[in-house]
Amino acid sequence: MGHRITTRTRASSIAGIIAVALIAVGLILPAFASRSLIQDLFFILTMLTLAQLWNLIAGFGGMVSVGQQAFVGIGAYAMFAGVILWGWDPVPAILLGGVAAFLLAIPMAFFAFRLAGAYFAIGTWVIAEVTRLVVAQWKTLGGGTGTSLPREATADIIGVETIARLFGLRDAAARDVLAYWLALALAVATLATIYALLRSRTGLALAAVRDNDNAARSVGVDAARVKWLVFLAAATMTGLVGALIYVQTARISPDAAFSVTNWTAYVIFIAVIGGIGRLEGPILGVLVFWGLQTAFADYGSWYLLALGLLAIATMLFAPRGLWGLIHDRTGIALFPVQRRLIGAKDG
Amino acid sequence: MTVLELTNVSKSFGALQVTDDVSFSVPRGQALGIIGPNGAGKSTLFNLITGNILPDAGAITLLGRDVTRSPAMDRVRMGVGRSFQIPQPFEGLTSFENLLAAAAYGQNKREAEVADQCVAILRDTELLPKANQLAGTLSLLDRKRLELARAMATGPELLLLDEIAGGLTEGECQALVATIKGLHGRGVTIIWIEHVLHALNSVVERLLVLDFGRVIGIGEPETIMASREVREIYLGMDV
Amino acid sequence: MIWLDVLVQGILLGGLYALFAAGLSLVFGIMRLVNLAHGDLIVFAAFLILVVVQTFGFNPFLSALIAAPAMFAFGWALQRFVLNRVLGKDILPPLLVTFGLSVALQNGMLEVFSADSQRLAAGPLESASIDLGPVTVGTMPLLTFASAVLVIFALNRIFYTTALGRAFRAVSDDPTTASLMGINPKSVFAIATGLAMVIVTIAALYLGMRSNFDPSIGPARLLYAFQAVIIGGLGSLWGTLAGGAIIGVAQTVGAQLNPEWQILAGHIAFLVVLLLRPRGLFPRAVD
Amino acid sequence: MSHLLSTHGLTAQYGQFKALFGVDLHIDPGECVAIIGANGAGKSTLMRSITGVLKSAPEMILHNGTPIGALPADQILQRGLAMVPEGRRLFPSLSVEENLLIGGQIRKGSGRWSLDEIYALFPILKERRHSPGTALSGGQQQMVAIGRALMSNPELLLCDEISLGLAPVVIRDIYAALPTIRATGAAVIIVEQDIARALIVADRIYCMMEGRVTLTAPAKDVSREAIHAAYFGAAA
């Protein structure tokens, strides 16, 4: 028929090339970078991944969760359980985190989906609290005070020795490198998965449900199924990230692992400031957030107060975030999902 | 063969009886028009047929299967396509993507399998030049066209059209009528609610009059339009 | 006999939760806004009362009387200048704004008042109790519960017998048509949030007199309030009291079994109700 | 001398969609004007623009010569323009009496209308005053909607499609109240699809098609042919 369908734009082609280059640089970076830069990048990558996942369910799916800390926490604790109770190596134990978060997401979705609109948000929060309180009863993992990964488990994590030899690093620094690589892999995989999802048939369904639930059902979209799918997928990935973060931290407590500030508030601010409902948003947002964090974190509560006010101001004056402003001015989309019809003749 | 059959269907919202013991059936390939004053329960009737709301009493049969309690989604996949009276496009998607979503899910196929169909429908409904435009930015006429196009994209056996010609100019209306006639010619069963009578009567073979949720007449358009009761209730005067 | 005591204590504790919930319910009922900073606003009001107590040496009740108009003004302004601007079809902006407010308030209070626990000293009232035959109940819990009943009764009177209440209901039904009656929905929203903040002040008074508080405890109060609203059924103020009582009883029963289970038991009771009666115990017929 | 109400090149749009293209009309004190036209002609949009539900440029709508196009709906009502909205839109949480009271809650105006006078005009409403407004029949609901608008004692009453969905006999009952309403000196704009009815009650008519006024004439000497042409366009 002489037409074709594409989502590519010139900006996206360039972005694709840059992305591949960045990933390549990211992979070999530990050979040159200082330990503190690697640690910073680990922080940026894990926060970015968490923000992308929240953005997926809230920005693209319209499900505003304030309970993401449940998945981070349960993921981290599952990893600890694998290491401490069953003697797993911490790295494969990260997978347990994904499984645990998936299992927790099922009852959470079941309960929270019963709550209409905005009450969904508090529903997720309640389940996160329940999970925290239950985990705090788990005495073998330190109960309310928490515990650390045993020294012998962290000492011989698969691959650390190789990395140490390769880059001539101490074990502790080599562990950071390993964690960084895993974070990079997770961030890239998350971004790629979400991008692929949005470009798939399910992505269309998700957009349709978000725009008009009723009309979506009238063209045959199973709105509930789409929401379940996305919610469970995002929860699983969030659990993996949580487990990874605590492999690096090596010390856990219920209050820290289930912290609403660290794992949900920050994550929401990143997405809001960068731009909700676009893949570019959290990327921009996490850079701004990291910059603010580096510059002002010493101010403690004042910094958090300002961050809260900044999020409010963004919602009031630029509800689609920084990337929204850029997109409106330039029309650039680095990760376009729009299916454009090219070259179809009229008549 | 009967595509749709309603038997003693009733529905009320609180004290308001919006559908009152409605029974009729539509044979395959027929075009049925529904007329009646605003508030007569026409759109509610559509919502009952599509499963967006469930009846209090009575039965609805679609292609020989009882669907009285089936969810809307199942009925779409059985072949019921609908347009909304007030257009409800997916505003964040382009026209083309609106059709892709409808075709992929309504027919349960992959996007690539339905893309050509969607292009053809866009061409038929004169939306092709606006294929890549966000639906939220379309004009009323184009939104109406998109309603029709999206319903067509679901691959319907039975197409329900709700006031698709209202608010259009004569020329626009004629183009729309031609599109609907084309569909009808291909054997699609059509039920069409419309106030623009000359458009309606140029397509349909049978006319149903609804007032206060009741069927007060069904038959050939000429007979129905000639009925004194219909004239008084619906037109209010001799036009 | 111990269980009767646990039951009574639980119900009375529910009065406090109903006070937390009433403001949340009022605001949601009128403008479908869920304020994620509700708990932090309660804590904020408690600090405000504390400041008045410390500055003027008044007792907490009188101090609350002074704090209440200030909180009304704060709520009015918050709605007028911030929340009204983000209310709309999309639920995301108001949720995120109130979430930002929650974080900002918590940290602002932390900076100003430090993380130290505080308490509103109520003198001999704190330990006073009344002997009711089989059980002895504390005067303070009883007073809290009575206040909750009074607040809900007053709110119902406002809702169903005053012109303001009529405007509340009309705006809640259909803001556009209400504006055709000369009512400015945004002003009504602002008054409603102001009123909610007065209730928040009352809740804060009892919170501060009955237990220690610090800037971090807001979110937990939000959750109790939310659970009481959902258990009671959206839009039912008396239902909120029942919802509060259910959580209260679950908590005291849980605490009786194991002190560590107190909070958890309340949450579980909520989930059980949500499982069995997703629309709450007393759902509104319409809507 | 300025009119009670006039529009000047009034335009309106919903998002990208233009619904009115430069509408000029006016009404003087005590007058009754009917606006007729097919579905989608822009009649309701016109009503929504005048009453401030849709915003316009200030000078597009003048009330006694003062620009009011940009005022919100609540301030329009306070200037003495009250509307009976399409579909009646009673408040479901309010009883019949409360629905009436809320109409005069902000502006009482000075004039004849009070709760008692409304009950005198529509006696059935007094019997049913404690029922929820939505429990009434369509015709009774329409009476509440009219009474509600009258409670502010408006100078100008705008009635949007008050006969829609009602049986002819009920419509007659409702229109029977119109002379009483006009006797208070209020001007009335009615939007009506029933042309015959419009011609009987109005002093002047405006006919609209596709967002424009296509005909304006005194009701008593307009021809059916002229209406037909204005209603359906030249092509019909």
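Order of writing sets the labels: A, B, C and D. Residues in every chain begin at 1.
Note that in this section a contact is a pair of C-beta atoms (placed from the backbone, for glycine too) under 8 Å apart; a residue touches a chain by one contact, two chains touch by 3 or more.
Being a predicted model, the structure only gives us computed values, none of them experimental.
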Check every other chain and keep only those touching both subunit A and subunit B; list them. none
What is the graph distance from subunit A to subunit D, where chains are linked when they touch? 2
Centroid distance [mean C-alpha coordinates] between subunit D and subunit C, Å: 43
Roughly how many whole angstrom separate the Cα centroids of subunit B and subunit C? 49
Cα-centroid distance, subunit B relative to subunit D, in whole angstrom: 31
What topology does the chain touch graph have (line, ring, star, complete, other)? ring
Touching pairs of chains in this structure are A-B, A-C, B-D, C-D
Once bound in the complex, which stretches of subunit C touch subunit A? 28, 32-34, 36, 82, 85-86, 91-97, 99-108, 110-111, 219-220, 222-223, 226-227, 230, 260, 263-264, 267-268, 270-271, 274-275, 278
Which part of subunit C faces subunit D closely enough to touch in the complex? 163, 166-167, 169-170, 172-174, 176-184, 286
Give the list of subunit A residues in touch with subunit B in this complex. 1, 3, 5, 201, 204-205, 207-208, 210-212, 214-222, 338-341, 344, 346-347
Complex interface listing, subunit B residues touching subunit A: 50, 52, 71-73, 76-77, 82, 84, 88-94, 96-97, 100-102, 104-108, 110-111, 115-116, 119-120, 122-123, 128-129, 131-132, 150, 153-154
Could you please specify the touching residues of subunit B with respect to subunit D in the complex? 14-16, 37-40, 136-140, 143, 163, 166-171, 195-196, 198, 212, 232-233, 236-237, 239
